[in-house]
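Note that the chains take the letters A, B and C in the order they are written out, and that residue 1 is the start of every chain.
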Amino acid sequence: MGDILEFKNICKSYPGVRALQDVSFSAKSGNVLALLGENGAGKSTLLRILSGDVSPNSGKITINGEEQIYSAPNDAIKMGISVISQERQLVPSLTVMENIFPGAQPKTKLGTIDKKKLRSESNAIIDKFAMPIDPDDLVGRLSVAHQQMVEIMKAYRRNSRIIAFDEPTAPLTESEINVLFGLIDQLKAEGKIIIYVSHRLAEIFQVTDEIVVLKDGLLVSQLTTSQTNENELIKAMIGRDLGDTYANLKRNDQIGDVILEVKDLNTNKLKDVSFTIRKGEVLGFAGLIGAGRTEVARAVFGADMISSGEIHFDGKKVTFKEPKDAIKAGIALCPEDRKDQGLLLFRTIRENVTMPILSRIKSGLFLNKKLERELTEEAVRQYTIRTPSINKITRELSGGNQQKVILGRWTNSRNSTKLLILDEPTKGIDVGTKAEIYQLVCDLAKSGLAVIFISSELTEVINVADRIIVMQNGQITGTVMREEATEENVLSLAMLV
Amino acid sequence: MSNQTLSPDTVQKQKFSLLSLLMRKRTLMMLLLFFVILVIFAVLSEGRSLDPRNLMNILNMMAVSAFLTQGVALLMISGKLDLSTGANGTLCGMFLAFVLREGVPLFPAILLALCVGVLFGLVNAALVNELNMAPFIATLATSLIGTGFVIMIAQNRIIPIRDTTMHWFGSHMLLGFRNFPGVPVSALLAFLLMTIIGILLHMTKFGRQIYLVGGNPQASMLCGINPKKMSYILFIICGLFSSAAGITLVARLQSANMQGLVAQRFQGITAAVLGGIILGGGSGGMLGAFVGLLVLNTFSNGMTVMGIGPGWHHVASGGLLVFALSLEFLQKKQAEKTVA
Amino acid sequence: MQQKIMRLIRSKEAVLLLITIVIFVAFTINNDNFRRMGNLQGIMQTMSVTGVMTVGMALLFIGGGIDLSMTFVALFSGVICATMIAMGIPWPLAILITLVLGACLGAINAFFITKVNVMSFIMTIALSQMLQGVNLIITNAQDIAVTVEGFRWGARMLWIFPIPFVIMTLLIVGFGLILTKTRFGRSIYMVGGNEYAARLAGINPKKVRAILYIIAGTLSSLAGVMFTSRMASAAPAAAADWQMNAVTAAILGGVAFGGGSGSMIGCLIGIAMLNIFNFGLTSIGLATQWITMASGALLLIALTMDFLNERSRKKSLGLITTKKKLKLQKGV
């Protein structure tokens, strides 16, 4: 016993982003190490490197000083590393026991799978977790919480030296969380190395011994859990450099009439959502991932089905059958997932910027290419998109510039946008560009636009928005004005545990 | 600033080489390939392949496949695919011959045949959009059904076409000079349409939307484009062009037989992929597809001139398809290298 | 035990079996021809060629692939085998060489699909085009007759069962055991059901898929040899679209087109259902055009069933990520 896992100078970059930069730290056996950071700070990338799913560009992982070189997850498993990923990686059409023993089912002497042993061993593990799960049930039929437990059993079964949990408690209820924490204590006692990623600070203090804080791909601090407190952690996660940025923001103080009113909106993920937003106002939406903020945006935008409720926009009652109708009325949405839903990565900036306004840059039958060029150049100037040419494909731009391209799509002079919905606009963006985007949001509000600002970064919402709506489980749990907003009161509304 | 993003300038500093240029400009590469093929066959056949009559032959052969290609190329740019173009065309040609024999006047008859093509496209679109089937399997299934209809109409016989206008369309030559006999009307029409569509694709809103939907259907939807509607329209256009290909074929042969376009059924896709229209959608263009078509047809014509049997044609067209698909892969690798 | 029986009765396979029996009984009542022993043996004969291919197709489907070169791999194998026998090579050796060739063709598919990332359907179509040409080159569009008496096992009976049927049954049992009883078999389901999960669990999805393509190639080759043996001659082009029948049979038998589920028993029932259906149509005097159309329609029906199945499964799950959905749509 007494293993030591070390990360040494790990660097990893993806097209346009540096996900990890020179990250080094170590974890000891019998210790629970928390990995903390905002979305896009690099936690998941680090775990993916640990699991052998991706390889770092440089740097190495050592166990007891020995360098571990592996290229596929199988190698990592052989080294005794198990990573429980955030998205449950199970096969729904197979049974529980087969999902617990993927590719490692016990064999009989003939080399075939020993079903009896498989079942009994599975049962033993399930009993250990004290879960009412039948090993013969299909995983697809289990509740999400039980699926998560099966995912954990899968890693537990391997009896690995190193176990990493990525947001394990997100889909779990209290009783299962207690089981999980009991298990972690036991693993700790057995001398395993445990890495624990979570957004829930309370949990971090409950189960971990050490904390590593990542920010924008850099390791910003390494703390001992017993010698720190929530405030210090939050400070470390957010960094100080943004404090001035917020203070220097030139805000809009002229808030106008109501532009959007949503009454009792219901969809399959939302329950009785009602709110209003005024011209020139920046309305923040805070909450945990999966709280229903994106769903509100999509429902208002006509991208998701609404089962009941009313939307009044610009004084009229409206029903949007598809996003096209919403765009016509003057609503714009910059989606949460830039690469999957926002950009055409293999097309040029020009083509990306003019996507929604093609019918407005037509002269006769043909597109007016000159006007298109001018509009794009206008957007490039207005948002200081750093690119050598408007004909560069967007894949080659940095994350921040990509986000600006999407902003430019909705706010040039040919658009009639009155309400701009920004869903996680600063995800995976460097600090400098973040500050630029905050100012842009305020500028847009100043020009009379209503802006809905959805973000998982608490400080960001609190400091940029004029008013903050907090959501949880598809419902609005409260509204806080900026003057009164603190991380504590917003967080308490978001979690309400 | 703690986290530096990659500046575009560093990305640009890439070693320039002819190969990388050719990898990026697929049309250029295919054009080069076309000339290489032309020269090789000219040398091998001691000039026979450059005989004006033979060049005319190439154009003649290209008429049918040009129709097939443009429909499927549009569909492929939008990220979908149609494997039923051959069956559809065969059916439409057969249907045209059938209604002509039954005494329907030419123009209503052609209109009817085109309607069959449209209907075919509509069925494909409905299967793909309403029942979420993968385009390739849905269109393979409809092509089985189409073939069933062909057998039913043909009853194992060849249906002759005696209409003079059809003969004119299929075989009359225009633009002849000196010893060059000219270009068949059908080929002229096919190329003209291809040019017009190529231009419209780059100049109009609809054309742009085809690229947008192919590039990222989700993002397009959020920008007010209806990908489902686009898919319906494009499947129908593809059906229409398949039908035109079938009509052209029977006009040239002056009869409709059950083989029809079976041999050419994958030509459209092969030409499009050769010309740089990738299977995932969102890139490529008509010019590329045309050059792909040129490569495909000069290759098979060259083999005909050399007296190489039809077996080798199949081998070559399959081989070219694999080659084109591998190019796609190499291109992607290159692109990844450029960014990383 | 009781629970097990209930599970068996409620399974997809049981329902399918019932449907097959109903179709069979319906045809039997309506048609005297259908009842004779010779006809039953005829059905068994016909079904074994597509049946062997269906086994390969079903394995690929479960692992998330497809092979559309099966028909021409089979025809090519028939041609090669017949040619070798005509050249005087002893027939068992000829068969062996042919099967190895079939495996090589599968390996070519596997290489381009797993290493060069070509979409499976288009790659296999391309290979099938090439083989079509090769067949023409070898045969000059003529059938090749096989005169060696020993090679005609395909037309003989083992007790009351045609030998090809016995081979098919053995294959179904064999692969059924592999699928349910071995790690490799289970890993096929994992790769088809959730490729990323399989990778994280230490399975190499590319390797698994490559093996499946090689198996599919070998089985197609075997089907071609069986056909040639029964007919005593090899044809360069087929009368029927075997591989589409294999696709239909597999999906009818409850093998999910999107991968991850299905069984060999279901596969067998699918084969039987399709063949009884086709045979029934012929025996009540329908001409080929209707049968071609019917098989297309049947494929569409099967695909629709698969779609509804998949949708209800997705509803109960929420496990399938958007990426997977995109993949399904694109038909990778």
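Going forward, a contact is a pair of C-beta atoms (placed from the backbone, for glycine too) under 8 Å apart; a residue touches a chain by one contact, two chains touch by 3 or more.
None of the values given here were measured: they were computed from a predicted structure.
K.L.:
Which word fits how the chains touch one another: line, ring, star, complete or other?
P.N.:
Topology of touching chains reads as complete, every chain touching all others.
K.L.:
Could you pull out the chain whose C-alpha mean position is farthest off from that of chain C?
P.N.:
Of all chains, A has its centre farthest from that of chain C.
K.L.:
Hey, how far is the Cα centre of chain A from the one of chain B, in Å?
P.N.:
Their C-alpha centroids are separated by 43 Å.
K.L.:
How many angstrom lie between the CA centroids of chain B and chain C, rounded to a whole number?
P.N.:
31
K.L.:
Would you give the residues of chain A that are in contact with at least 2 other chains, written as numbers and ranges?
P.N.:
Residues 340.
K.L.:
Which residues of chain A touch chain C in their complex?
P.N.:
Against chain C, the touching part of chain A is residues 51, 53, 72-74, 77-78, 83, 85, 87-94, 98, 102-105, 107, 111-113, 139-141, 144, 147, 154, 340.
K.L.:
In the complex of these two chains, what residues of chain B are touching chain A?
P.N.:
On the chain B side, the touching residues are 1-9, 11-12, 203-205, 208-209, 211-212, 215-216, 218-226, 282-283, 335, 338-340.
K.L.:
Spell out the part of chain A that touches chain B in their complex, as residue ranges.
P.N.:
Residues of chain A touching chain B: 13, 15-18, 21, 215-218, 239, 241, 301, 303, 322-324, 327-328, 333, 335, 340-347, 351, 355-356, 358-359, 362, 365-367, 386-388, 392, 395-401, 409, 430-433.
K.L.:
If you look only at chain C, which of its residues touch chain A in the complex?
P.N.:
It comes out as residues 177, 180-183, 186-187, 189-190, 193-194, 196-204, 256, 260-261, 313, 316-322.
K.L.:
Write out the stretch or stretches of chain B touching chain C in their complex.
P.N.:
Touching chain C: residues 79, 81, 83, 127, 131-138, 140-152, 266, 269, 279-280, 309-319, 321-322, 325-326, 328-329, 332 of chain B.
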